[in-house]
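Structures incoming, each one as structure tokens.
In the two complexes that follow, chain A is the common piece, with chain B as its partner first and chain C second.
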Partner chain A sequence: MSTAPTLEKNPSGGAEPFVRRTVPRGRRLRRGAAPWLLLAPGLIVLGVLLLWPMLRVLNLSLQDYELRNLLRGDSNYVGLDNYVQVLTDPFLWKTVLPNTVGFAIVCVVLTMIVGTSVALFLNSLGTLWRSISTTAIMVAWAVPALTGTYIFVWLFDPQSGLVISALDGLGIMDAGSYNWFTNRWTFYAIATLNVVYHGFPFIAVTMLAGLMTVPDELYEAAALDGASAWTRFWQVTVPTLRPIIAVCVILSTIWDFKVFVQIFLMPGGDGTTREVMNLGVWSYTQSFAQGEYGMGSTIAVLLTALLLVISVVYIRTLMKEEEL
Partner chain B sequence: MIARRHVLAAGAAGSAALALAACGGGSGGSGGEVDGEGKTLTFWLMEGTNASADAYIEELKTAFAEATGATLDVQVQPWDGAHDKFVTAMAGGTGPDVAEVGTTWVPEFADAGGIDDLTEDIEAAGLTEGLVEGLVDAGTLDGQTYGMPWYAGVRAILGNREMLEAAGVAEQPQSWDDLLAMITALKEHDPDWIPFPVAGASIFSAMPFVWGAGGDIAEESGGSWSATIDSPEAVEGLTWYTDLALEHDASTAAATTWVETDSLAAFLQETVPMFITGSWVPATIRADNPELAEKLVAYTIPAKDSAIAPSFLGGSLMCRFTETAEPELAFELIKLVTTGDFATRWAEETNYFPGTTEALDEVVAGGDELTAVFAQQMTEGGTTVPVTPAWGKIEGAKTLSTMIGTILEGTAVQDAAETAAEEMDGFFAG
Partner chain C sequence: MNRRTPLSQAAKALGVVVLISLSLFPFYWMLSTAVDTSPLSRGASLLPSGITFEHFRHVLFDAGFLRYVRVSVVVALGTVLLSGVIALLAAVAVARFRFRLRTQVLIMVLMVQMVPLEALVIPLFLQARTLGMLNSLLGLTIVYVGFSLAFAIWNLRGFVAAVPRELEEAAYIDGATWGRMFRSVLLPLVAPGLVATSVFSFITAWNEFIFALTFMQDGAKYTVGVGLRTFFTQNTADWGSVMAASTLITLPVVIFFVLVQRNLAKGMTAGAVKG
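Moving on, here comes the complex of A and B:
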């Protein structure tokens, strides 16, 4: 790209060494520096807020680092011991990882399905109703995860929540007879409802923005060829929106993998009920609740690495090379 | 607003007298004044313990200035994230001179080197005798005391007299059998009641039964700790307590994940006739539901064969940060807060018990029946958790609440206790 202007100025091409001399070294440097200068504030902020803490975490993950080390400022390198300990822990393979991965897959799929369906419905509405409906679903998105989680916990309170009261009233289940929060499956079913409810508006609004850019001619042409609505969706809408879908899927995956508040604030989710622990909560209880900062960092690094791998695979499969 | 103004006015009137009294107490105890003229001392006080903290702080400042000439800077800290804030402050050297520290954090901070050994200062001030034992124990690591007892709370049984009388069981239980008889009678009287919730996430509701059977969480020998939660006595206590929920229908499945505030919420709705809760709770009920407060009755938690089982004594100690430039002045403040009129006043305003026996007697003498029961639970049954830096990790890993939760979900008591013991031993080994 940077050579393009030089070529334009020298259509002959053969006189390139000569031309190079006409642009003084200083000016070339300055010209090259301009984008970096413009990027500098952003890069510095990212470097300080993101890169430095990441390097610190990486550094901590190689140490047996506890409160004592923090206070005395001394380091205690143990090589890859933490990694070996985490990766050989059956708790990781039997509980934490299945919980994290399984939950993320279910949530991403459900969020995408619900979000896309809502976007399709919104797209078929008139402007007024679309604005009203969009505003309404955005409220769900605007509710902080903390508040949303408490609402779901209240709804499903095993003693006096709305759900059990309704079931009790219908004579299906007695109030207080079963605690949903102590069973891995019911616990995560409630968490899934919460996360999908909280996550679908973003997908819906983003997909709606994409849908509105798909030219009507494409649908008309497809309809003329006799394509059904289902075929039109898969053959016209999906291919056109692929970059947007990719972004939505990647973002949802990242969000649903590192979900913490929604699990931690549920009864028993703070580590008391071990079988519902996920990577985020495990990392937190290790670092902050138990003061094993080294071990907590190791788990955090592994979570980051896992997300990086998933993101790369996604980008590779969902986007064609020219879209990258 | 009226109440607030009233308190402020009363405070201003009493200020001079308090300051004089504090002055006298200070010089009498230590035998020497510390001159703090022109110096400033920072004090971290935890938020929310005292509803009228503003007036208290103003008077404390005045009294401290009169006693030492130094300026006192009181910074109120919220409990949320307090542990992290202390740790960061210690690491960065940005901490206060003096701070209120929760009892279970003291061994951890002391071991890490963040707070000072106060043994000699307490001895020199002649305060060694007459401190509430459980609080001293909580702040004592390897024979050295790292915090001066300030205030404490303890858990006992709080009941709704009307509901208990309706079932004809409004009497102090003298043993586990008595307690079970009460629970059975309550359940028979009204099957919709939750006679005695077994809150799974509240370990200090369960531990009195472990202690009451002669068991313990862990024991120290030769400077190293080992878990004893899987001993026959401890398992007997755990079995008896969890059977209340599993066999005797005293609780509800919902309570498996309950913390104490959940039990309290059910108690406020009058579906729970009695539950285990802290000595600071009656004041909360008095503020939220004065009608119910009239019906309150308290019992000590029974042991297997006696009326009083040991119960966890939690509270706060006054600690001096290692980084302080004014250790003597800092200790003057610790004395001012933890002894004399300021200690009594704090206890009365917060409904906690003071950390010195003298002030404790005074509070009990002036208190109601509920206070007397909780005080008895504290003086005769106040105990503490293992005083070791590893306790912080055990608490953080929620080892004991996990154990209780899994038992309530059907795991055999012995198995759950062995799992917990193994995990604790891992923490003790470091």
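Moving on, here comes the complex of A and C:
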């Protein structure tokens, strides 16, 4: 505890003379500096690796910057030209934005529904089966996005994957007759399955922790009043868990807007099929495949701005819940 | 609510079976493809057509995954060490001291986690190019320290705050300096938290893909993720080997994660009871 507040709290209108507790000046300074010394390495790392690059990307987004600019070390400011070009591009409005926003909304809704249902189910189980099932969904959570994506690509492989083999066996579709990865809708259906599978365990585990704190008395009282299970869920569970639900929704929204690896690693997802690009992939390919770092930065800034708005909502929600 | 009719018990048992098998299915499909003698003609049969370790041998020794694993391990361990030390110091500062701007520092730590990597990769790539840090294990490690640090600080903060202040005060009364107290009281008590945080930093570095892809252009410096993508693009239909390589990447993460998750919950409840 710092002693500074006691010193500042000099009551001007007080009758008694204020007795100043003298703490040696050197020690006071050292105490005040201690947290900053401890924080310094961390703040420097975050500043150099996260904040400074964010400023640089903002700066780059105002330039027509290519690799030769880097080699020559010059800049090439074009004002808001990149923004005008991106924002008036029908490709943004017809393809990229729907692929980013629509996909994120569908994923968040599905992840919340699956996660919450699993949490409710786990909450109704005994301790042993609950912990066995929780471990199983932990495995789903732990499978890295990278390898998880390859597993889904293999499951939906048009030639010899499990899904087409099963459909072939049932006589619905012939193996190799259709490539799901070239069609925007089926491509994103597979990506959604992948993202929801990877994301639901976090929601389930968090919601379960919340559900276990809801007092049984609330449910008993509601049941006595004749409320059905459905009514009890909406009238007791949801209002009690509102803060946890809010955090889950916002965190999933942030994650699902940022999806990159799960799209990029699917066949055609790395920019070769332009129809399936989202903001992240567009920014990346614009920079590293086309070499237009300025334009890529502009797209990255738009994505960041979108996430920033959601993050502010997130922090507001969190701040209401607990003292940091 | 907790009716114990045979019907509801049977429904629950069925639910458990469905939940567990759906959760584990992709993982199982990966493992069973990796050991399948002929994965391409397996079709929809749930059991592999035969057991072989040929795919593992092929990716480890012929395709060079042993080298990729070594690169990834070095980078991940470096990340764990650096971010562990830096995060612990910062966590002590925010959990133990009340100072001006403390809340702002915490908000910043939260906010930087929202920054999309796609936005950072452009400026950091240009910077690393200027500094000659492309294809450098140190360069990649430093970048990963930045990414894992915010979460590590946030996570450790809880563990440090859970250590009762009275223990620290007792150490001071016994004449310990702050440094001595830190080593002999605080450090042993936050050790479980440090382990959990380290595992998460390890997983962050091990799983990261965008930066590894952009920074490491020399085949000898590929991480496991980039190695897997390169292997996949060159051998698209060789699913047995692709899944064997995926298993090598996935297995350590799954084992670590499941172990630590238990540990983490234990640490939290222990802290709550002591509080």
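What we mean here is this: the second predicted complex is superposed on the first by the 263 of 324 C-alpha atoms of A that agree within 3 Å, B and C clash if a C-alpha of one lies under 4 Å from a C-alpha of the other, contacts with A are read in each partner's own complex, and residues count from 1 in each chain.
One rule holds for everything that comes next: contacts are C-beta pairs under 8 Å (C-beta built on N, C-alpha and C of every residue); 3 or more make two chains touch, one makes a residue touch a chain.
Quick caveat, the model's predicted, so the values are computed rather than measured.
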Practice problem: May I ask you to decide whether A:Q159 touches chain B, chain C, both, or neither, giving the answer as first, second, both or neither? | Solution: both
Quiz item: Does the superposition put A:A34 against chain B (first), chain C (second), both, or neither?
Solution: second
Practice problem: Once the structures are superposed on A, label A:V108 by its partner contacts, choosing first (chain B), second (chain C), both or neither. | Solution: neither
Quiz item: Is A:L46 touching the first partner chain B, the second partner chain C, both, or neither of them?
Solution: second
Quiz item: In the superposed arrangement, which partner chain does A:M207 touch: chain B (first), chain C (second), both, or neither?
Solution: neither
Practice problem: Answer with first, second, both or neither: which of chain B and chain C does A:A145 touch in the superposed model? | Solution: second
Exercise. Give one of first, second, both or neither to describe whether A:L70 is in contact with chain B, with chain C, with both, or with none.
Key: both
Quiz item: Counting only touches as set out at the top, which of chain B and chain C does A:F288 meet: first, second, both, neither?
Solution: both
Practice problem: Look at the residues of chain A and decide whether chain B or chain C touches more of them. | Solution: C
Practice problem: Kindly list the residues of chain A that each of chain B and chain C touches, one partner per complex. | Solution: 70, 157, 159, 288
Quiz item: Which positions of chain A touch chain C when the two form their complex?
Solution: 1-2, 32, 34-36, 38-39, 41-43, 45-46, 48-54, 56-57, 60, 70, 118, 121, 124-125, 129, 132-133, 135-148, 150-152, 154-155, 157, 159-160, 162, 165-166, 168-169, 197, 201, 219, 223, 229, 254, 257-258, 260-261, 264-265, 279-280, 283-284, 287-288, 293, 296-297, 300-301, 303-304, 307-308, 310-311, 314-315, 318, 324
Quiz item: So in the complex, which bits of chain B are touching chain A?
Solution: 83-84, 87, 90-91, 108, 111-114, 194, 200-201, 252-258, 266, 392-393, 395-398, 401-402, 405, 408-409
Quiz prompt | For the chain A and chain B complex, residues of the former touching the latter | solution = 66-68, 70-73, 157-159, 176-179, 181-182, 267-268, 270-274, 285, 288-292
Quiz item: Which of the residues in chain C end up touching chain A in this complex?
Solution: 1-2, 12, 15-16, 19-20, 23-24, 26-27, 29-30, 33, 39-44, 85-87, 89-90, 92-94, 96-99, 102-103, 105-112, 114-127, 129-130, 142-143, 145-147, 149-150, 153, 178, 203, 206-207, 209-210, 214, 225, 228-229, 232, 237, 239, 242-243, 246, 249-250, 253-254, 256-258, 261
